[in-house]
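Heads up, there are several structures right after this.
Each of the next two complexes has chain A plus one more chain, namely chain B in the first and chain C in the second.
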Partner chain A sequence: MLKLVIEKELRDILTSTKFTVSFGACAALILLAFFMGAAGYKADVARYDAARRENLKQMEGLTDWIMVRNNRIFLPPRPLASLVAGVSNDIGRTTEVHGRGELPQDDTRYGEEPVFAMFRFLDLEFIFQTVLSLFAILFAYDAISGEKERGTMRLSFANPLPRHTFLAGKLIGSFIALAVPLLVPILIGCAALSLLGVPLSADEWARLALIVAAGILYFGAFLTIGIAVSAMTARSSNAFLALLVFWIFAVLILPRSAILIAGRAIDVPSVDDINAKKFRYSEQLFTEDRLKMSGFTPAKTADMRKMVEEFQMFMGQIADERQKKMDEFSTRLNEERANRQAVQSAAALGIARVSPSASFSLAAATLAGTSVSMKDRYLEAAQGYQQTFGKFILDKTGMNPGGGMVFRMRTGDAEKPKPIDTHELPAFVFTPPVLADVLPPALTDLALLVLYIMVFFAVAHAAFRRYDLR
Partner chain B sequence: MLRTLILKELRAILASPKFAATFGVCSILILLSVFIGIREYRTTESQYGEGIELAAQNLRTQPSWMGLTTTTYRAPDPMQIFIPGVNNDVGRLSGINGFEDVKLKNSIYADDPIFALFRSIDFSFIVQVVLSLFAILFTYDAINGEREGGTLQLTFSNPVPRSTYILAKLAGSWLGLVVPLLVPVLLAVLLVMLYGIPFASGDWARFGFFLLVSLLFFTFFIALGVLISALTQRPATSFLLSLAAWVTLVLIIPRLGVMAAGVADPVPSVAETEAEIDAFSKDRWDQQMKEMEARWQTRQEAMKGMTKEERGAYEQEKEKEWSADDEAGRMSVQKDIDGFAVRVNEDQRNRKSHQEHLAFALARVSPASAYQLASMSLAGTGVSLKSRYEDAMREYRTAFTRYVDRKQKETGGQGGFRITVDSQTGFHFSAPRERGTLDVSDLPAFLAPVTRFDETASGALIDAGLLAVFSIMAFAGAFLAFLRYDVR
Partner chain C sequence: MAERPMLEAEGLTKRYEDGVLALDHISFAVQKGEVYAMLGGNGAGKTTAINLFLNFIEPTEGEARIDGIVTHRDPLKAKEKVAFVSENVMLYPNFTAMQNLDYFTRLSGRPAPPGSAYREALSRVGLQAEAHGKKLKGFSKGMRQKCGIAIAIMKNAPAILLDEPTSGLDPQAGFEFIGLLKSLRDEGKAILMSTHDIFRAKEVADVVGIMNRGRLVMQRPSRDLAGLDMEKLYMQHIAGHGGLAA
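On to the complex of A and B.
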C-alpha cells in the first residue's frame, strides 16, 4: 500500500508542469550560485596574492630586519566561504603584525566596498534558505487540501487505506520526487567547481556534503510543515496563504528580530570604552618610561658604537616591560568582552533557533567555517603568527621587534649594508577548521533540523487524523 | 460604470479573509520593523555620545602636543531608523593624527559579528520583500480568477468597455491595498514621534519622499500581478509565474548584478594600495634621512677648527635656523607622502566608482534595486556614506594638524625626546618639558556632514523616475494585455 501511494505521488509530481518549471528555476539558481561562488573565489585569490606581493615589495630595500614596520597578514580566501558567506565579509581581513601588542583586524569586505553591502552576495546558502523553502511550500500546500478539492482523496480512501499510510506515502513520495532531482544540479555544481579550477581538500568536500545534507533536511522540514498546514484546511488557497505567512516569519523575520532583540538585551562592554581605557593606560606607561629614559647613563667608554648598542638594549628592555604590562591589561579587557559576547551569542542564537531557517544558516556557516567564531579563529592564528614573527626578528636582530630604535651612524662608513631578503619572512598560514572541529557545534543544528521534521510530522499526523476526507 | 466597477473591486478585496490576514501581518511587520529601527537608533545614538565623550577625555590626558591624536565619529541620522542601508557595514570612527591617513574602521558588524549573521529588519526591507509579495498575492488572479469563476463573462454581458474594466481593476486593487496600509504607516510615524526621535523639517521631507518611492514600488507589483493575470488563462499558471517573477526581481537580480560587476570590474584591495603608499613613504623618508645627514655634515664642517666656547656660541646662534631647516625638511616629506596618498586614493576611488556604476546599471533591471538605491540615497546610507564622511574627516584632519603645529610652536619645543651621541660630547638625552594637561579648549570640533533634502533628493531622482517608468510600463502592459483577453 505504502509503496503504491509513494509511486502515485512520484508520478503526480514528476509529470506536472509545475514541477518542470519550478525545478528548472531552482536548478538554474543552484548552478548560478556555484558559478558565482567559483568566480568570486578566483577573484578573491587574485586580490589576496596581489596584497601579499605588495606587502613584500614595500619591505624591499630595507637594510635591517628591525626596520620592518608594516608587516601585514591577510585572511586567505577559501572556496567554502564563497559558497556560504556567513560573516566572512563582515570581519576584518588585514592585520598589521608588529611582533607584539594588539592585532586589530581592519578592512572588512563590506566596509571596504559598501556596494556589496547594499545588495550582498548570492551564495549557495541564500539559494537554499529562500528558494528551496519556497519550492517545498509550492508543492506541499495542496498536498492534502488539493487532493480533496480535486476529489481524488475520496477515490483513494474508497480503498482500505489507513490514514497514516496515506500521509507517510505523501511525505516520502514528495520528498523523493523533489529532493533527489535537486541533487543533480548540486552534483553538477560541485563538478563545475573542480573544472573551474577551485581546489577543495577532501575535508572540504566532506563539509560541503554535510552542508548539502543540511539543506536537504531544511527542505524536508518545510515540506513536512507544508503538508501539515495543508492537512489543516479544506481550501488550498488558505493553506498557501498560511504557509506564506509562516515562510515570511520563519525565514525573514524571526532570525533577524531574535538576534536584535535578544542580542541587545545582553550588555557587552563597548569597543570604544575598551580602546579608551587602553589608550589612557598606554599613555600612563609611556610617561613612566620617559622618566626612566631621562635617567639613563651609559657606561663611560669612548666607543660610540658601544654606547649606542647599550642604549638600544636599554630601550628594548623597557619596551619589553612596558609591552608586557600593556598586554596583560589588554588581555584582561579583551577577555571580559569576549566572555560577554559569548553569553550574548548563546542567548541570541538560542532564541533565533526557533526558526528552522536559522538552524540551517547556522549549520551551514559552522560547517563552512564562516560562523561568528571565524573572527576569533583568525585572531588566534594571527597571535600565533605574531609569536613566530617575533622569534624570527629576535633571531635576526637580537631584539624584539618594535622595541629598539634604529640609529644612523654618521661616521662615514665605506661599507654599504646589504638589503634584507624579503622571502625569508615567515608566511602566515591560516588553516580552515577541519571536520572534527566543526562537526560538534554543527551537529546541534543538524539535530535540531531533524527534530523539526519529526515535530512537524507529528503535527501533520494529528491534523490529518481529524481531516474530513469527503 | 467606472465607479461601480471600482467599488465592486474594493468590496471584493476588503471583504475577503485573505485581506484580513495579510493586512494584519503587514501591519504587525511594519510596526515591528520601525520599533526595532528605533531601538537600534537609540543604541547608535548612545554609542556616538559615549564615543565623543571618550575622545574629549583622551585629548585632555595626553601629555604633549607632539603626536597628538584624537578620534572622530559618524553621527547618527534619524532616517537610519527606516533605511539603515550600509550604516552597520561602514566603519564608525577614524583616528585623526599627523602621521596616519583617515580610515573609517570599527563598523558595528565588524565589532559584533553576531549581528552580521542575519542583519537587520527595517521598514524598507518590509516594503521590499513582504509588501511586494502580498501585492502579487492579491492580484495574481485579478483577471483569470474572475474568468475561471465565470464572473468575467457576467460582467461583460453588460455593455462594459474593456478599457473601463481594466482601469477599474487596477484602480480598485490599488485603492484596496494602499489605503489600508496607510494606517500602520501613520502609526509608525506616531511611534517615532512618541519616542522623541529628533526629526528636522528636512528629515520629514526626506521621509515623505521615501514614502512616495515606497508607494511607487508597491504600485509596480500590483500592476505586475494584474499584468501576469491578464496574460494567462489559469490562476495556477499566473500564480507560479508571479512567484517566479517576484523571486527573480526581488531576490536574485539585485545580488546578481552586483556580483557580476565585482567579477567583471575588480578593484584592487585597500591592502594593496596601503602597501603602495607605505613603500613610497619608506623611500621618501630614506631620502630625507640622507638629506639630513648631508646637512649635518655641512654644519659640522662650518664648525671645524672652533674652540669649545666658540662652538657652543655658534650652536646657540644657529639653533633656531637649524630647527627651522629640519622642520621644513620633515614637512616636505609629509606633504609629499600625503600628496601621493591622495593620488592613490583618488585613483582607487575612481575605479570603485566605475565598478559601482556598472553594478547599479546591471542591478537596475529590477525595480527592487531601484527602490533600494532610491531609499538609501534619501537616507544617506548608500555607497556615498563612506566617502562623504572620509572626505569630511580628511578636511578636519588638515585643520587638526594645523592647530597642533601652531600649538607646538606657541609652547615652544618639539616635544618627544632628542638623543645625541657625539664622539666628543658623549651621550645626551633630553625629554620634553612636561605639562600637566593640555588646554584644548580652542581645538576646532569635527562637524559631521549634514544630509540636506535637496542633495539626497536629487540623488534619488533617477531611481524614483525608474520606478515610475516601471510602474507605468506594467500598467500599460496590463491594459494592453486585457484588450486582447478572451473573456469567455
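On to the complex of A and C.
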C-alpha cells in the first residue's frame, strides 16, 4: 500500500501545472548557477594568471634581490568556490609579502565589484538555501490539509489505509517526485562544467556530489517540515502562512541572529583596537630606537665604505630586534583575538545550527573549501611562504628583507650588474582542502540535516495521528 | 438463528469536545440485501453516524460494527468491508476517471483488475465511454458522483455507506442512481444511506429512520409506510411528535 501511495503522489505532482512551472524556474536557476560559476571561474583564472605575470614583470630589470619590495602572492581560484562561494568573495585574494611582518589580505571580490556585495552571487548554495526550500514548501504546505480540503482524504481513509503509510507515502512520493527531477539540471550543469573547460579533480567531483547530497537533504528537511505543518492545520492557507514564517526565521533571521547573540555574549576586540595597540607599541619601539640611533658612532671613520657597512649592519640589527619584538607583540595580540573569535564563532555556529538553513550552508561551504576556515588556511599558506621568501632573500643578499635602509655603492669602473632571474623566486603554493580534510567537519552538519528530517517526520507523525480526517 | 447484521449501531453516542451531543444512544441494524435510509435535517447526526462507521471519529459511548467488527477497535479490518460515497465525491483532478478508479480500487486492498473491469464499472454507473480516459478536472458533480459509485462497486465490499449521495444530482442522474442502488441491494449489499430526500428514501429503502438532534426518533420498515404521507410524518417527528417505533 505504501508503494501505491508513493505512485499516486508521484503521478499527482508530476502531472500538475504547479510542478511544470515551478520546476522549470528552479531548473533554469540551477543551470544559470552552473554557467555563471563556470564563467566566473574562467574570469578568475584569467585574472589570477595576469596578476602573477604582472608581479614578476614589475621585478624585471631589478639588479638585486634586496630591491624586491612588493612581491605579491595570490589566492588561486578554485572551481568549487565558483559554485559555492562561501566566504571566498569576502576575503582578500592578494597578499604583499615582504619576508617578515604582518600579511595584509587585499583585493576582495566584493571590494573590487561592490555591486555584487549588495545582492550577492547566484550560486548553488543560494539556489538550494533560498529557492529550493521555497520550492519544497510550495509542494508540502497542502500535502495533508489540501487532501482534506479537496475531499480526497475522506475517500482515501474509507479504505484500510494506515495513517503512517499515507504519511510516509506522501513524504517519500513528494521527495522522489521533486528531488529526482532536480538532479537532471544539476547533472546537465555538471556536464556543462566539463564542456566549458572547468577542470575538476576526482576529489572535487566527490565533494560536489556531497554538496548536492547536502542540498537534497536540506530540501528533504523543508519538505518534511512542510508536511508536518500541513498535518497540524486544517486549512492549507494557514499551513502556507505558518511555513512562510518558519522559512523567514530559518533562512533569514536565525543565522543572522545567532551571530548577533554570540557577538553580544562573547566580546572580541576589534581589528581597529588591535591595530591601535600595535601602532602605539611600534611608536614606542621607534622612540627607543631613535635614542640608539643618535648614540651610534662609527668605529672606522677613515674608510667610507666600511663606515656605511657598519651603519647598515647597525640599522639592520636594531630593525631586526624591533621587528622581533613587534612580531612577538602582534602574535600575542592576534592569538588572543583569534582565541576569542574562535569561541565567538563556535557559539554563533552552534546557535545558527538550530536552523537547517545554517546547517546546509555550513556543510556546503565546508565541502567546497569556502567556509570561514578558508581565510585561516590562506593566511597559514601565506605565512609559510613569507618564511620561504625571507630565507630566499637572506640567501641571495645576506640580509633580512623588509627592514632598515639599504645602501649600495657603485664605482664607475665596476662591472654592470646583471638583472635578477625572476624564475628563481620561490613559487607560492596554496593547497586547497581535500575531501579527507572537509568531510569530518561537514559530517556534523550532514548528520544534523538527517536529524532534522527525522525530527520533523516524528512531529508530522504525531500531528497526523490526531488529525481530523472528516 | 438470526443472521448477524452487516451494519450495526448499538447505543452509539458522540459528544464533541465542545460539549455538543451530536449522537445520542442510537441503535439500528442493516442486514445484507437491505437499504436503510436515514432521514433528517442538517445537524441531525446522520453524517456523524457515518463518520463513526468509518472511524473518522471515535464514539463517546456505544459501538458501530461492520460485519461484527467494532470499527473503533479494528478500523482497518472494518474498512475492508465497507465502501463509501460522499455527498460531493472529490477525486484527484489530474487523474483520469480510470486512474482514479485504479488508485482507489488498489487502495481498498484488492489486486489491480484488468482495465476492462474499470470500464465496465464506469459504464454501469452511466459514465459515457469517452469520459473514461479524461481527467477529472473537467467533470461535473454528477460525473464525479458516478465515478465515486464506480469506486464503491469496484471495491466490492459487502456494506456501502452513502452520505447524501443524490444531493445536487439532476432528476435523470438521481433516477439512474436509485436504479443502481436497487441493483446493488439485489446483489446482497447492505446499504446505509443518509439523505434529505424523503421521496427517494421511501422509493428505495427497506427501512427508514428519522433522526432529529442526534436521536433516532423513528424507525420503520418502508412497507409500513405505504399509504402514509411521508412528508407529514417526517415533519411530525422533526417537530417532536410521534414515537420511536421499530
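As a convention for this text, the second predicted complex is superposed on the first by the 428 of 470 C-alpha atoms of A that agree within 3 Å, B and C clash if a C-alpha of one lies under 4 Å from a C-alpha of the other, contacts with A are read in each partner's own complex, and residues count from 1 in each chain.
Please note the rule applied: contacts are C-beta pairs under 8 Å (C-beta built on N, C-alpha and C of every residue); 3 or more make two chains touch, one makes a residue touch a chain.
If you're wondering where the values come from, they're calculated on a predicted model, not measured in any experiment.
After alignment on the shared chain A, the placement of chain B and chain C results in a side-by-side fit free of clashes. For the combined arrangement built by superposing the two complexes, chain A sits at the apex of an angle of 100 degrees to chain B and chain C, based on C-alpha centres and given in steps of 10. Applying the stated contact rule after C-alpha superposition, one finds that A:D106 touches chain B and leaves chain C untouched.
Between chain B and chain C, it is B that contacts the larger number of residues in chain A. By the touch criterion defined above, A:H164 reaches neither chain B nor chain C.
In the superposition on chain A, A:V87 contacts chain B only, with no contact to chain C.
When both complexes are overlaid on chain A, the residue A:R235 reaches neither chain B nor chain C.
Using the contact criterion defined above for the overlaid structures, shared-chain residue A:T152 touches chain C, although it does not reach chain B. Contact with neither chain B nor chain C is seen for A:R332 once the two complexes are overlaid on the shared chain. Across the superposed structures, the minimum distance from chain B to chain C, using CA atoms, reads 12 Å.
No residue of chain A contacts both chain B in one complex and chain C in the other. Against chain A, in their complex, chain B makes its touches with residues 17-18, 21-22, 25, 29, 32, 36, 39-40, 43, 47, 50-51, 54, 57-58, 61-63, 85-86, 89-91, 93, 103-107, 109-121, 125, 129-130, 133, 137, 236, 240, 243-244, 247, 251-252, 254-259, 261-263, 266-272, 274-276, 278-279, 282-283, 286, 289, 293, 296-297, 352, 355-356, 359-360, 363, 369, 372-373, 376, 382-383, 385-386, 417, 419, 421-423, 426-427, 429-431, 434.
Remark: chain A residues 1, 4-5, 8, 11-12, 15-16, 150-152, 154-162, 468-470 touch chain C in the complex.
Every residue of chain C that touches chain A in the complex is listed here, in rising order: 51, 54, 56-57, 75-77, 79-80, 82-84, 86, 88-95, 99, 103-104, 106-109, 148, 151, 155, 161. Taken in their complex, chain A has these residues touching chain B: 18, 21-22, 25, 29, 32, 36, 39-40, 43, 46-47, 50-51, 54-55, 57-58, 60-62, 70, 72, 74, 86-87, 90-94, 104-108, 110-122, 126, 130-131, 134, 138, 237-238, 241-242, 244-245, 248, 252-253, 255-257, 259-261, 263-264, 268, 270-273, 275-276, 279-280, 283, 286-287, 290-291, 293-294, 296-298, 302, 304, 307-308, 311, 341, 344-345, 348-349, 352, 358, 361-362, 365, 371-372, 374-375, 407-408, 410.
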